[in-house]
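Chain naming follows the written order as A, B, C, D, E, F, G and H, and within any one chain the residues start at number 1.
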Amino acid sequence: MGSTSDLPVMQDAIDVLKELQIETEVDVVSAHRTPEKMFEFGKNAHNRNIAVVIAGAGGAAHLPGMVASLSPLPVIGVPVKSSNSIDGWDSVLSILQMPGGVPVATVALNGAKNAGILAAQIIGASDEVVRNRIIDYKESLKQKVTDAAASMKANG
Amino acid sequence: MGSTSDLPVMQDAIDVLKELQIETEVDVVSAHRTPEKMFEFGKNAHNRNIAVVIAGAGGAAHLPGMVASLSPLPVIGVPVKSSNSIDGWDSVLSILQMPGGVPVATVALNGAKNAGILAAQIIGASDEVVRNRIIDYKESLKQKVTDAAASMKANG
Amino acid sequence: MGSTSDLPVMQDAIDVLKELQIETEVDVVSAHRTPEKMFEFGKNAHNRNIAVVIAGAGGAAHLPGMVASLSPLPVIGVPVKSSNSIDGWDSVLSILQMPGGVPVATVALNGAKNAGILAAQIIGASDEVVRNRIIDYKESLKQKVTDAAASMKANG
Amino acid sequence: MGSTSDLPVMQDAIDVLKELQIETEVDVVSAHRTPEKMFEFGKNAHNRNIAVVIAGAGGAAHLPGMVASLSPLPVIGVPVKSSNSIDGWDSVLSILQMPGGVPVATVALNGAKNAGILAAQIIGASDEVVRNRIIDYKESLKQKVTDAAASMKANG
Amino acid sequence: MGSTSDLPVMQDAIDVLKELQIETEVDVVSAHRTPEKMFEFGKNAHNRNIAVVIAGAGGAAHLPGMVASLSPLPVIGVPVKSSNSIDGWDSVLSILQMPGGVPVATVALNGAKNAGILAAQIIGASDEVVRNRIIDYKESLKQKVTDAAASMKANG
Amino acid sequence: MGSTSDLPVMQDAIDVLKELQIETEVDVVSAHRTPEKMFEFGKNAHNRNIAVVIAGAGGAAHLPGMVASLSPLPVIGVPVKSSNSIDGWDSVLSILQMPGGVPVATVALNGAKNAGILAAQIIGASDEVVRNRIIDYKESLKQKVTDAAASMKANG
Amino acid sequence: MGSTSDLPVMQDAIDVLKELQIETEVDVVSAHRTPEKMFEFGKNAHNRNIAVVIAGAGGAAHLPGMVASLSPLPVIGVPVKSSNSIDGWDSVLSILQMPGGVPVATVALNGAKNAGILAAQIIGASDEVVRNRIIDYKESLKQKVTDAAASMKANG
Amino acid sequence: MGSTSDLPVMQDAIDVLKELQIETEVDVVSAHRTPEKMFEFGKNAHNRNIAVVIAGAGGAAHLPGMVASLSPLPVIGVPVKSSNSIDGWDSVLSILQMPGGVPVATVALNGAKNAGILAAQIIGASDEVVRNRIIDYKESLKQKVTDAAASMKANG
């Protein structure tokens, strides 16, 4: 993530990855304040046995796109609605609208939970154990809705 | 893709996947006009040895999100700027803003080329041969920029 | 509705339909978490003596459009301004901008009350008793404004 | 419709209603230039054996909402992207965002075809013959997609 | 104004008109709930010695434009940011974007104070006494800024 | 107007004022390139027997607001959609959103015709001859719609 | 700044300029309420040994652009998100979208801190002592991120 | 600039800098395709006797912000409206909305000419010869408007 102020949002990714039993490394790397660290990270991530990168940032959010430019790994971008953001549009557009050649897999505004699930799905694309956890996870979502519907009807 | 009218945009994904030597299956599946076919496809894709799904659609674009709801595979969504779209905002927001639990890896408006590269990166997360092709591909992008800069300077 | 979190908004539809004496069935059906239930519902609604469907959902709101794709009944869509919505634009556009062939009758953001009235008007299109209730309802709106204006003037 | 300049858009509604064999009356009624005619029309439509009103207008589009305020019938609003419109947002928002009590069933920008289908679905809510035509119509959409997919595959 | 809920905003117009000693009539007239009263008002205002109409409304705000269509008087429109408004865009665009032939003099979102001043300026266009009050009013604005600047400097 | 490039849009105001027989003075005054001329104009307009000012400008359009700050006369602002404008939003918002104390009577994007009519209505607020021309003008609009409707019906 | 209500935002510029030891003059100059003072200021600033002007304003924010039109100095504009602003878009666009010939160096919404740093960078363009303070300042930003990352890891 | 496709827009900056006799270096540096070259450039620019950097880019435009993060020099950002841009909003917001600490002096969409003038103004902040050229340049703008106004009047 680009700043510790993004932690309340990004925690959702950490939590769901834990729930899906995916090993996770968490760090603060700022595109604008620690560009050298970001460079170092981006250039070497794929040599450090990392499979997927999740990068969250707000405002003119350059971290996801810059890591994507430096790394051959799939990079998931989480637009964070920071204070002074213009309703989140700045974060969304500066992550989503990457030029041809350098994709960022963008999720919803503040959608860190979905970033975690998407990372697990990417690993599950070649790892059947992880994919089955995804299948179970989706089943549990279904169950929650069914339970909520039943409880709502019970309460009239 | 949701309609054959999306083909001019989606062709970029097919082309780059061919260039990166990733086997590809192309079909037209409309969330709104062939919902049963979409259901069938989404439910079974992971059993048919498919690793990643790319879904492109325009307007109120439900295809990527619905396939993501039906499949445990990573789904890449391409917002297509269709005629009568409100400047593409409808396609972007109805693909990007998925609720917690069901991510779609969204790329830029009309960004089918990036969808293809992202699909290759996802496969490359566990396949070093593909990842090396990505590294070579990025090197070729760099070369093109360097050449263009040199040619611009040569021409004053 | 797509989630029990939509209930505070959707309750307005339930209330006004009760006031207009229209029989109502309320359920939680999530396009993304219970797609099979949605399929079942959409395919069979017109065989279960249902005349109109009201579907409310937020964010990338696919429920109204997907039910409209599955059912020959008129479907009314209520864009719900969910948390993490981008000011409601996502809900509005992903319900409103349906492709040619599959309409959703969209009402205002959080406009569940109007969805209820519209459902009654649709029934009233062929049922004079219901239409007369609509006429009375509109008369009561007029009376409220007239009373408020009179009270404002009385209070200077 | 509010102006003859809306005819190229609104013709789609006329055509699909003809295809679905729904009797149609077409007129130009301007909220801003012929308000008395609009008043007359809105007040009396339900006494003239009309079941549904389709009103299309662009810019600050007041026709659909004003007819809805004057008539107990369901009113379908078609936002038309007129010249000098701000990308269609003005038409969409001034039709969609009606206050509580006076709904307009809004369809997509320039979505006159869907307005026609929705009108037929509203009539079909109580008329099984019309509903079956809707079912057939949807079947024909499916067939077109299936044919297009087959033809695309045949052409490689 | 279109609803008593607009009063907190519209009070600014009443106050500034009082300050500028312009005689004022205040009423609630809803385009959508009391269309007949609006018609009556719009058709007759210029015969009742009224010089300018100020109309405030929110959401799909049709009151200013409809009065403008019914009356030869200059009509000032105040977009009110109502609850469930989409950030005020709906009010602004449905008042501002009137078609050729029927202008509404639109002021800023919630800008009722400016509507009052503009009304006085319109009267002042032919009435030198009122115009001089405007000149004095502007002078007082200048004085307030000068005083505030001086006080800020005094406080360091 | 702020630039001769605004003339094609602003010509509509000149034409309708001629049609309504209002004496008109046309000049190019740029807030950003000829600020002294603008100052001179704004400070003295009300002493030169001018009743209303129409100011059209595009982009960050400061002319209408600056003239309004300098003059006690009513100022009508025409947002012009210039090249490189961001869809006209810049012109609209920098004219409409004036602070409390300094109103600009804003008309639709490129709505110079309505600016001319509004200027006539302002003069007509105290001049019955001009007001009657407005009444006739509105009658002619009505006639045009009625004729167009009749001709459309005649042509099937 | 255009109003004392902008002070809470603009204070960030004053603070960072103090930290970077740049001499600063603070005043309230309103484009719309004290246009003569603004004129005076803009015309003479470059003769008063001022190197850079920072102008902050909200809504239809004309102060930065008008000072830029009057002065040959670089002018930095700070869009302030005032109450009744439409999400800040009005301030941003009326400062940013200046016509060719009259630039304003625009920073982020409420970005007064960055305006201060940019002013120091402009002075540092020709003053190595100031530039070195910028280099130190940026180093301190880096250190803060590094410390925050370390502290986050220490806290698990 | 980030791509040779930005040249038609960026040429305006080159031209005006030539006109103002400022020495200029032009290069293509892509944040996403040649990140190492950008790093090199950003880290060393201030040691190469460069006073100001102008960086133009489109879409998710990271070049201006990244150079600003790497260099203590003032960086001017030009949002370029590239093909597939969402009306230029992406370029504008990803350049403008930089976080506290790392400013980019942003000019209007496609406003390369203003970027050139602003660069000259920055140099002119400490160089009276350049400042006088700016004063002359502004005088020539004024003359052009005055001439255009005279010619318009001559032509009626």
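Please note the rule applied: a residue touches a chain if its C-beta (ideal position, glycine included) is under 8 Å from a C-beta of that chain, and two chains touch if they have at least 3 such contacts.
Predicted model, so just to flag it, every value in this text is computed and none were measured.
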Chain G reached from chain C - shortest hop count over touching chains: 2
Cα-centroid distance, chain A relative to chain C, in whole angstrom: 34
Euclidean distance of C-alpha centroids - chain A vs chain B, Å: 18
Touching two or more other chains - residue numbers and ranges from chain C: 3, 33, 59-60, 84, 86-87, 89, 92, 96-99, 101-102, 104, 108-109, 111, 138, 141
Those chain pairs that satisfy the touch definition: A-B, A-C, A-G, A-H, B-C, B-D, B-H, C-D, C-E, D-E, D-F, E-F, E-G, F-G, F-H, G-H
Chain D contact footprint on chain B (complex, rising order): 3-4, 7, 26-30, 33-34, 37, 59-60, 84, 86-87
List of chain A residues in touch with chain C within their complex: 81, 87-89, 92, 108-111, 138, 141-142, 144-146, 148-149, 152-153
For the chain D and chain E complex, residues of the former touching the latter: 2-3, 31-33, 35, 39, 42, 58-62, 65-66, 68-70, 82, 84-86, 89-90, 93-99, 101-102, 104
Chain D contact footprint on chain C (complex, rising order): 12, 46, 51-52, 72-74, 76, 92, 96-109, 111, 113-115, 117-118, 121-127, 131, 134-135, 137-138, 141
